[in-house]
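The following pair of complexes shares a single chain, subunit A, combined with subunit B in the former and subunit C in the latter.
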Partner chain A sequence: MSVTTASEARRGFSFSEYITCLNGIVWREALRFLHQRERFVSALVRPLVWLFIFAAGFRQVLGISIIPPYETYILYEVYIAPGLMAMIQLFNGMQSSLSMVYDREMGNMRTLLVSPLPRGYLLFCKLLAGTAVSLLQVYAFLLIAWFWDIAPPTIGYLTVLPALILSGLMLGALGMLISSGIKQLENFAGVMNFVIFPMFFASSALYPLWRVQEGSPMLYYVCEFNPFTHAVELIRFALYGQLNLVSLAVVGGCTAVFMIGAIYAYDPSRGLVRRGPGGGET
Partner chain B sequence: MTVPDAHIVSQTAPVAAALPALAIGHVSHSYGPRRALIDVDFSVAPASFTALLGLNGAGKSTLFSLVTRLFGIQTGQISIFGHDISRAPGEALRLLGVVFQPRTLDLDLSLTQNLLYHAALHGISRREARLRSAEVLDRIKLSDRAGSKVRDLSGGQMRRLEIARALLHRPRLLLLDEATVGLDVKARADILDHVRQLVTEQGIGVLWATHLFDEIKPSDDLVVLHQGKVLAKGPVSRVMAEAGAQDVNTTFMRLTGAATIGGTPA
Partner chain C sequence: MPPRIVLAVAAAWFAAASPAAAYVAYVSNEKSNTVSVIDTESWTVTATIKVGQRPRGIEFTRDGKFVMVAVGDDDTIQVIDAKTQKIVDTLPSGPDPELFTQDAAGKIMYVANENDNTVTVIDLEKRARIGDVQVGVEPEGMTISPDGKILINTSETTNMAHFIDTATRQIVANVLVDARPRFAEFKRDSSELWVSSEIGGTVSIIDPAKREVTGKITFDIPGLRREAIQPVGIGMTKDGKTAFIALGPANRVAVVDATSHKVTKYLLVGQRVWHMDFTPDEKYLLVTNGVSNDVSVIDVAAQKVIKTIQVGELPWGITIANKP
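Here is the complex of A and B:
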């Protein structure tokens, strides 16, 4: 038997403990994702439906002029591919947040939050884990798209990776920030409609902004202010080995703001208190 | 049920000045206008079994949420072996193992995967985590189920796994919030025996929240929590004597004025 005193307990955490924790959270998130095969399939089917059906149908309607980073005329499928990659990340970011609300309601989140490591770090790891899962989905999509003749330069598969990590973090942090304000799971469906669809459609994912400007200058400005537009453009340029500095600045800035806001706003007592005496949470 | 070797949990050398494993100092907590805890003040000694007895809604789970830092402390102070949970949460939580009332296992992961995940959250390397996981699974006699999904376990097995998980990082204080709820008599007795062995053989301080009188022994320490207030605290024999009662059931009834049915306050 031993006696423990305050002075004896080890203070702080080593670098390897932080890395072990990160690895553990990413590993668990990946395991959960792989166990949920339906989630993997639906994550892929959604963009593929857009690519195979929507884009094929609109190919003749929407002409794409030569705009950077493209150096020649391109097919509509080629144009929307980066937007669909960002869409995968948008849905994944929101779904990760959904799982955080679910975990909080079911109690699994407590396992994470009673870890002795700093809570901000734990939430950051959770975001990274969600981003890692989105990368699996995006690269699976790119593989299938390759068979559909959507083949960016080979180096693009590598240069797009940092852009995907940053946009994944931004969208995950946004999802976490939104979920911080949600008391219960049922509220999330409404948020999906008010966040995902407006963000996706009011962006350059499906049509170039000059086209939007022709139709509605007002909507053009909305699209310009939409961080999702910049995530799409960051990915689009990176896929062709180029850097869009404005998009990088916007996505980087939004990532920092959303992440700080999400970590600051995250309150595990939401969802615990709600159940009240009947739920044993008093 | 066997228990871990003493050396596994003895991380520190004995020293003269022992601090309480858990010190709750004048803690109050409200949900809006509703006061859930009112000036709660007690401590848990190392190597002791302290029962926190209260009806549903007494404030037990709120108190656990405060100790585990799920809720922020509004008034008062909580420390674990001298580490203030608000000012030094990392040091405090490192010494704490907890079993919550709702199940917090990942049902779709295997037993080993659940344990490895918990170990990672405490910064324990994968190699060490595998060793410890194999040890604890062997100890709770679930080695042959190591690769099974948790959802295939019985309620009692899940609770044993949760307790084993809570001990994986070798804490010095263990909190259990109504850990036997929903279990049959045999499983309840097994778990209670297991936890008491942890106290006597490893010197772990235990805070056992319950509303079941028959889980409390005369040799335990007792804290009676009712409507957010501590009505009595100390060794069970002393609390009973002060209440002029012969058993915990009558003691509780006299302190709270509550009616009881069988071994359970109603």
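Here is the complex of A and C:
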């Protein structure tokens, strides 16, 4: 943020102008989300299906080993709740990247990028907007999960917020980076197959890593290097009022790398967007 | 932030973080032949005391100064000084003592001797054996009525709850319950006697006046076979409103509304949960998990398991009192 403040001084934009811009983008995203009621429902149904159906079938899987941050035996649904929260954010990140492809195809992107404010700032606002939407979804999920007896300590609902913002930014930035390379809306199915599913399954969202290590040491290393694993663990620890430093470092680092990559990619003068025929921004 | 909110947040924080009152829990570890001492402020094991072979039944004396532990394979009961945590004496039980109970004054102790089909009566002041009562095969569960007049002993193989008159030391009634009765507990107001049946998978509710079974509590945990549900230890709150029942290999403690006799909740704990005891303020309930070698701590008001602590091998019994 301090970078934008410096550039603000240079270009002579007032703080309130930055806020107006942020407001505009966040509101547009929020309104879009709220108007698409199906999207809200489907964003909730997805993790709930996992919780109510998948977890019910695997209820007896855990409960034989206590791993941090848990201090006692837990049911499987309690274990996968943080993973499902991260899944909501993963889908949301990819979905907002999808919306960027759509915006590009429809020409709305041009309206956005025509703004005189720095491009990096605009993209950051877009990221924040996407993250805010994912927060709405995650807290709605937590509310329903509470009735399902998944009740982390009350303070956890507060301490998980910064973790959710950071992981939301990371997954959103990743989506943005990927969307810069997608030329058409139809290619999104590929993102599902090549990004969302591998990231989700090769992580600690559904099973603890010690279990994975027992089954396949190779897969264990894949999971360890998967930034999504660290997003899940950051959320898991934060939900119980604890800080996982390694995960914080990984998620923080990945957020920075993905964001810089996305800003670079969305710069028409050098980025990936310009390349190839049919690139959205022409 | 307005100062009032800061204060409220700080107060909530301290309330949440404030440690339990200073209690100490003694856990008998059947396989490692030790007793683990747990501090309820830090929830850590602060000492491990070497005792005789196969320690099971364990209880503080009423004055809280000593801990008595039945060491079955040594055919005796050892007395641990709670201050020095050293074994200071033994009590003369019959062969293979398993569970025992004391009268309200803490003067007389009754011991179930598993291999001898007897209950031994011990004078705790003189630390001497003063009598025996012949009971069914494999006696185990022991409890005494709140008025001290009736002693209950359950026998595992005979499947009975024996009512023993404490004055005459004679069996006055036998009540048939489901297979392998393990544990018995009176409601504080003497209105009901609960007996858990491990193989039968039920808890029988007995009317102590009529001496007959008036109801049964059954358990049903989705995804678990019925045979895996084996009720053993019972804990009842002083107000008689809530009961907790350890379900053995089901790895769950059932929370039961003690008035309607309906199960309201199942709490996941460690493997083969066996016996339990409340902290004296009834804020926490500690249960022993035999196969996973640990003790789970249940927040009684919240009905939530908050922590699990590693102890010795095959933890069996537990007793909690004020720190000496």
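FYI, the second predicted complex is superposed on the first by the 251 of 282 C-alpha atoms of A that agree within 3 Å, B and C clash if a C-alpha of one lies under 4 Å from a C-alpha of the other, contacts with A are read in each partner's own complex, and residues count from 1 in each chain.
Keep this in mind: a contact is a pair of C-beta atoms (placed from the backbone, for glycine too) under 8 Å apart; a residue touches a chain by one contact, two chains touch by 3 or more.
Keep in mind that this is a model prediction, so the values were computed, not measured.
Shared-chain residue A:Ile155: touches subunit C; no touch with subunit B.
After superposition on the shared chain, subunit A has more residues touched by B, the comparison being subunit B against subunit C. Of the two partner chains, subunit C is the only one touched by A:Thr72; subunit B is not. Of the two partner chains placed around the shared chain by superposition, neither subunit B nor subunit C is touched by A:Pro217. In the superposition on chain A, contact is made by A:Arg28 with subunit B only, not with subunit C.
Judged by the touch definition given at the top, the superposed model places A:Arg110 against subunit B, while subunit C stays out of reach. Within subunit A, not a single residue is touched by subunit B in the first complex and by subunit C in the second.
Those residues of subunit A that touch subunit C in the shared complex are 56, 59-60, 63-64, 66, 71-75, 151, 153, 155. Subunit A meets subunit B in the complex at residues 1-14, 16-18, 20-21, 23-25, 27-28, 31-32, 35-36, 106-108, 110-119, 122, 268-269, 272-273, 277, 280-282.
Residues of subunit C touching subunit A in their complex: 16, 222-224, 251, 268-271, 292, 296-297, 304-308. Touching subunit A in their complex are the following residues of subunit B: 6, 9-15, 17-19, 21, 31, 36, 46-47, 56-62, 65, 68-72, 79, 81-83, 88-96, 98, 100-106, 108-109, 113, 116-126, 172, 178, 202-203.
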